[in-house]
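Below you'll find a set of structures to go through.
Shared chain: subunit A. Partners: subunit B in the first complex, subunit C in the second.
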Partner chain A sequence: MRENRVRTKISFLIIFLFVVLSGCSNYTELNEIAIVLGIGIDYIPEKDVYEVTYQVVNPSENAARGTGSGGTPVINYKSRGKTISEAAGNSTNIFPRKNIYSHIQLVLIGEQLAKKESLNFIFDVFERDAGVRVNVPVLITRNADIKTTMDILSSIDKIPVRSLVGKVMNASDLLGEHGEIKIYDIIENLTNEGSEPTISGISIRGNSKTGASKKNIESMNKTFIFLNGIAVFNKGKLVGWIDGKKTKSLQIIKNKIRTSSLRIHCDQKRYNNLLVNHLKSKSKVDLQNSQAVITIQVNAFGNLTELLCNKDISKREVIKEYQRKGEQELEKEIKDGIIVAQKLESDVFGFGEILRNTHQKKWRKSKQQWNKLFSQAKVNVKVNLTIEGTGMRIKPYPY
Partner chain B sequence: MWKKVSLKQHKSSGNTSSSDDLLTKNLIENVGQIKEDLGDCSDLNVRMIKHKENPFAFAVIHIDGISNTPKIDEHVIEPLLTNKFDPASRTIKDELQQVIAVTNIKEKNTFKDILSAIVSGGTVILIDNDPSALILSTREIESRSIVEPTTQTVIRGPKDSFTENLRTNTSLVRSRIQSPNLRLDSMIIGEVTQTQVEIMYIKDIADESIVKEVKNRLQKIKIDGIIESAYIEGFIQDEMQTPFPTVQNTERPDAVVGNLLEGRVAIFMTGTPYVLIVPVTFTQLFQSPEDYYQNQYIGSVLRILRLGAFFLALYAPAVYVAMITHHQALVPTVLLVSIAAQREAIPFPAIVEAFIMEITFEVLREAGIRMPRAVGSALSIVGALILGQAAVDAGFVSAAMVIIVSVTAIASFALPNYNLGIAARSLRFLLLIVASYAGLYGVLAASLIIGMHMCSLRSFGVPYLSPIAPFKLKEQKDVLFRFALPNLINRPTPANKKNRVRIGNRNEGE
Partner chain C sequence: MEQVKVNGFQFFSVIFLFELGSAILVGMAGEARQDSWITILFGIASGCVLYLIFTKLYTMYPALPLTSYLQKILGRYLGWLFGLMYVTYFMYIASRVLRDFEELLVIAAYRSETLLTLGIIMMVCVMYAIFKGIEVFFRISELCLFIIVFMLLFIILFEMASGIIKLQHLRPILEHGWRPLVSSYPTTLTFPFGEMITFTMLLPFLNKQEKAKKVGILAIVLSGLCLLLFTLLNIAITGADIASRSAFPILTAVSYINIAEFVQRLDTVVIISMVILGFVKITVFLFCAFIGTIDLFKIKHQKNLIYPMGIIVLVSSVIMAPNYIAHINEGLKIVPYYLHIPMQIVIPILLLVIALIKRKLKPAYA
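Right, the complex of A and B next:
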């Protein structure tokens, strides 16, 4: 009996502690909150304030079965503040519901901000706030205003920022030119010595006025947002862009590439196409006579996907020739990318980090002028390409 | 309080009858006394026999309907009418024993014994000039035939189930266990109903101490009457204040056989097809006899599925409410947007919505059990329409909540033990309230308390969560997974410790 009473007392104590120690409750009904899916941050130099654009989902327009009244699937609105938190506070003046930031899909950075201000100052709030994730992709607008870019409606994915994330994923999966850069990648690159962040850029193609209205969904003459180059930063500021195929070098050296297509000459006029589906690279960095030497060893495997010259590929020599040409092409793409970065004096590949990890003494001596050293570095690229398959057909058509 | 009062009343009313009085020598007086004690009921048959060639007068008394009347006519009354008895004989009862063709004949001389024999279906022969009576066992009660089980069905396995007749039920088990070690102990429970209760176990396999404990607890039951085995269950369970079943019930003879072979004790009661099995462990409630009749792989998968169904039935609404009111960050974005779209126009908070749906469903379920069969289709149409369509269209509840509640309901029916479903049902509401106040933190805290409670439970001394807590590695072969039958060498915990091996040559090791 006594034992029982003790047991009851203890269980009541435990229940009591559960109630008391639980801290505050954060009860909110779903129809009292606004789910923020995208945030765009820009800087207005004249007034020295941040301008934050919020993309908030309009739930009833996204219902599987229509309760919608034909409005836009998202609502974009802007607010300003000296800090990002202040801007968020000011946003309550214009929006009726409490924002929740845990579902942000994309962070957009304005070109103004990246050029005039430093990236260093905007990610602190993302990492410090427990309610926000840091595995969110980041993009940068190029030649366009943030709000205009976020306003372009998309048809396949109703929510514009989700469609942008889809484009990045698709390009990085199939083309190999863009990688998904997330907030923590940027924070890591900003804080680490010997590496600089890169962010993919987006631009508008078409008329931005019709793009922001329902017409964009209804007509076939659509305004699109497309991925346009990769922004290169130096000490947190935007210094230039790497464009087109050259951006592949970034993905190859960071070993993030999945598949990529490679165009090779087969005779004077025509090309063949190769699909690289497995690629591993290994980079070595050393300092010799106060000059940096960068060696990149690439092993790639691919398939022939398109033949436009009538050469008999059942012969070993032909395949070997194509392999050699593919190697040259790949080497060129990689080198071109590195040259652009060298001109901008920004070590976006993280070679400095490799040097730090392998030759600590040399790194300590040279880390002050590393960007200079990088820009004058000697680059050796060795590519080893193997063609594994020729597809479903052996002989090309007799042209 | 109520129990005490009712028992007292019963005792005082019992004292008015002439319970311990002895029979007199006068036949007419005796018959008169019996008639008076039984209130001269209309189903009481008293047949006076006075053959002209016979010097003796007999009275044959029985109650119509609970005794076998054709048998009495043929084997009792007819010999009494046709045989001639010697008036000089001093051993008239011996002579009667020789002519009456009934298996069991006893001689008694108190009114108490005679009355209890009559009300339990026996036939009493009173003899003139003799202060004692013969009691013949002629009990026969109309009973249902053996049909397929209605609540615990299987695809493969025996198709018979228990009936309301105790003897039929024990015979169904005895025909399956043809061992001299099968033991059956009888007792009477209920001071008014005098219900026959029998406990069955296999000597040497069942633990002696558990058998003793079961008998002990049964003997301690002091009540005016027991109607269903649930009454016994209510009295013998270790812990009264728990939603979890600590006594199992089944209407399947093969389930009883399986449990007897695992060293458990079965309690039979007349008047109900539900047989109780003790002791019970929590994991046992997820086992269906069919687990052993099917391939071990599908048996294991189904067991895990049932465990999943239990957790679903317990947690689904609570976790859903916690997620959408406290932890929106944990819901995948697309799903959250979709749920938000559904909840946009709902006027109630999520917890109210959940309660509306849960209570509507509980009402529907209750109505489904109680209503007359003929209106069944009407109910299902209305239920399906209201729950599935109209409530959503009207904007009272969201479609997501309808899905959650239906999944919960279906999951609670997937459990092989109905009592376990009831436990999940009652705890679900508790969890729902906690979830709406404190989110997943509350759900976790409540689960912890439920877990502590389950650890403290015992069923006839066996820890409720064994063999998981306390953990016994050897017995895991038949808990979450059902290993192949040849691997299940040992009997589980409740069985007699000296006799554990059930497969292979038992003498080999000794």
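Right, the complex of A and C next:
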């Protein structure tokens, strides 16, 4: 009996120690860590090293009740190494706190890295590390240095990388020209046969020197970063850019588009605006006589949101004419995008994958020279546009 | 041996958790890529057939565990030797499973911890469960079943709600023909369906003999379908390529979940449920080894046996492989063919044949 009681006491003690002491293993206190919010990776060809830029949050400057001393909300610094992990290790030479990478919100890729090196193994470290997510958006800098881009302070979102993510989300929601590309999308497109990755590009507008100081927040003449085209890759290397409205084709074919606007000719000089608020596409790929035939069927619904000339839209013929013009415009936008990709011989739309899924035998025969076949493919785009509404007014101004 | 009886539902929950066990963690039939569901379907079917063989043996010797009727069927000495083989086998697999979960914790959560530390903590729980006896263990599994089912439903719900499931990842079907399916079939059959051999040791504890078949088949089919669903989900979320490359596909798939920047980082939920599943699986294996040893060596102070056995399993789990890749490769390329197939399939079938012939020759004997 007595022995039993002693045993119970001892086991309680052991359990208690387990519970209490387990908290001590591998502990890190909040005041000893630096939370990395953004990471930029570039490549220096002369020295054959990676240059990694970190954006670390400056906690006192982001506190709701101001305890800050007027410093910048984030701290950017960079380090170099033959591998990304080595660069991260070298960063400890210049930064006083331990970097925590599990809250990364954005990964920036440098243009040099994309052109001279390749993306192929860059993301391995993100996949392999258990703390880092792979559902982080990726952007690529265009005509700009990574550090300079990350240094541009922003006003609404204090933290630059968050404001960048916001821009991508906003553009993909309302404009439909950009989509959020995450690390796993890129890995998937790199490893899959028959599709190539794309990444939205960003550039600086304004003076990058004043942009990097607090003056940028105080002045109305701001330096800012804007989304600038979509980078096209071939075998992991950047080969070109799709610009402007042509980028919409990518979002349409991948069915990522939510809303977009379309301008349609009203008369010779002036335009109407059409807001497309529902769009679905279906693509078919086939090989006929060793030529790829791509058929894209698009169904779209939209509203007229702005009329800059007087035509009686209460007539069915006028609406029908607008629908037809809208269809032509959308078809042109889609085709233009495909033509750019065809010139770059990079199947960013994943048509090869569609062929792989539907015609396995034909795909097996043609997968070696698929990029060639894609660049010479015949493209048919069929758009079916329905105008559903004209807003709060029935007729335009009676001029 | 202690005279304890467990009811059908408790038995069901142990089989269900045991089957999910480490299979849901390390992924099944990765070689077959997006066609792995076909392999798993075949695995479930043949797993049921195997289980019928085990229950047939059980109905012939309803009060005895495998190690005892081995001696009845094969004669005293040969049977005893085979019994010893089975005990060693159970302990080996117990340490393999322990290693799986130690690695999970080290890779995914406690990066600066050693395998041994985590192994000790897990092993203490397992040894405590065995110390408390079979009835307590079955009751705790009943509770765990509800926790696990709840957590898995939770994961499925969030995976669906976050819109990361892309069904086109499951196509094309049979891209590389039937060959990868055939070559991944033995591993899928033996792990986890063939591991039901452990229940030949535990079936005598079931309170109603006629329930064995129904409960077992139901549990195998349901847990098999659950594995199938998770394999499909993993592939649909991450794509066949990432799913076959990652160490723990389910963890990768769950880490993609992000609902409104708010519901995210659910890996912890997975790790917690995996630890529960691991606990059940290791305990079942060690229990079988424990019962087998008592049965073979006719040990009186049974509980003292727990310490050495637990320590052997713990130590061998750490020294069995230099790293995780070696451990996984052993588990996929060596263990199924040299250990699982003979122990799970060949010997039971031979036993059944011999037992049936014996019964024919001596009808009065049985």
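As a working rule, the second predicted complex is superposed on the first by the 373 of 399 C-alpha atoms of A that agree within 3 Å, B and C clash if a C-alpha of one lies under 4 Å from a C-alpha of the other, contacts with A are read in each partner's own complex, and residues count from 1 in each chain.
Keep this in mind: a contact is a pair of C-beta atoms (placed from the backbone, for glycine too) under 8 Å apart; a residue touches a chain by one contact, two chains touch by 3 or more.
Quantities reported herein were computed from a predicted structural model and do not represent experimental measurements.
Of the two partner chains, neither subunit B nor subunit C is touched by A:71.
After overlaying the two complexes on the shared chain, residue contacts for A:134 are found with subunit C alone; subunit B is out of touch. In the superposition on chain A, contact of A:360 is made with subunit C only, not with subunit B. In the superposition on chain A, A:26 contacts both subunit B and subunit C. Within the superposed three-chain model, A:18 lies in touch with subunit B and with subunit C [touch as defined at top]. For subunit A, the partner that touches more of its residues is B, with subunit B and subunit C as the two candidates.
By the touch criterion defined above, A:57 lies against subunit B but remains apart from subunit C after alignment on the C-alpha atoms of chain A. When the two complexes are overlaid on their common chain A, residue A:187 makes contact with subunit C while staying clear of subunit B. Residues 18, 25-26, 131 of subunit A lie at the contact with subunit B in one complex and at the contact with subunit C in the other.
On subunit B, the positions that touch subunit A within their shared complex are 324-326, 328-329, 333, 336-346, 349-350, 436-439, 441-442, 445, 449, 452, 456. Looking at the complex, you find that subunit C touches subunit A at residues 107-113, 117, 121, 168, 171-172, 175, 238-239, 241-242, 246, 252, 255-256, 258, 264-265, 267. Interface of subunit A with subunit B (complex): residues 7, 11, 14-15, 18, 22, 25-31, 33, 35, 37, 57, 59-64, 67, 100, 102-103, 105, 131, 159, 162.
Within the complex, the subunit A residues that touch subunit C are 18, 25-26, 127, 130-131, 133-135, 184, 187-188, 191-192, 353, 356-358, 360.
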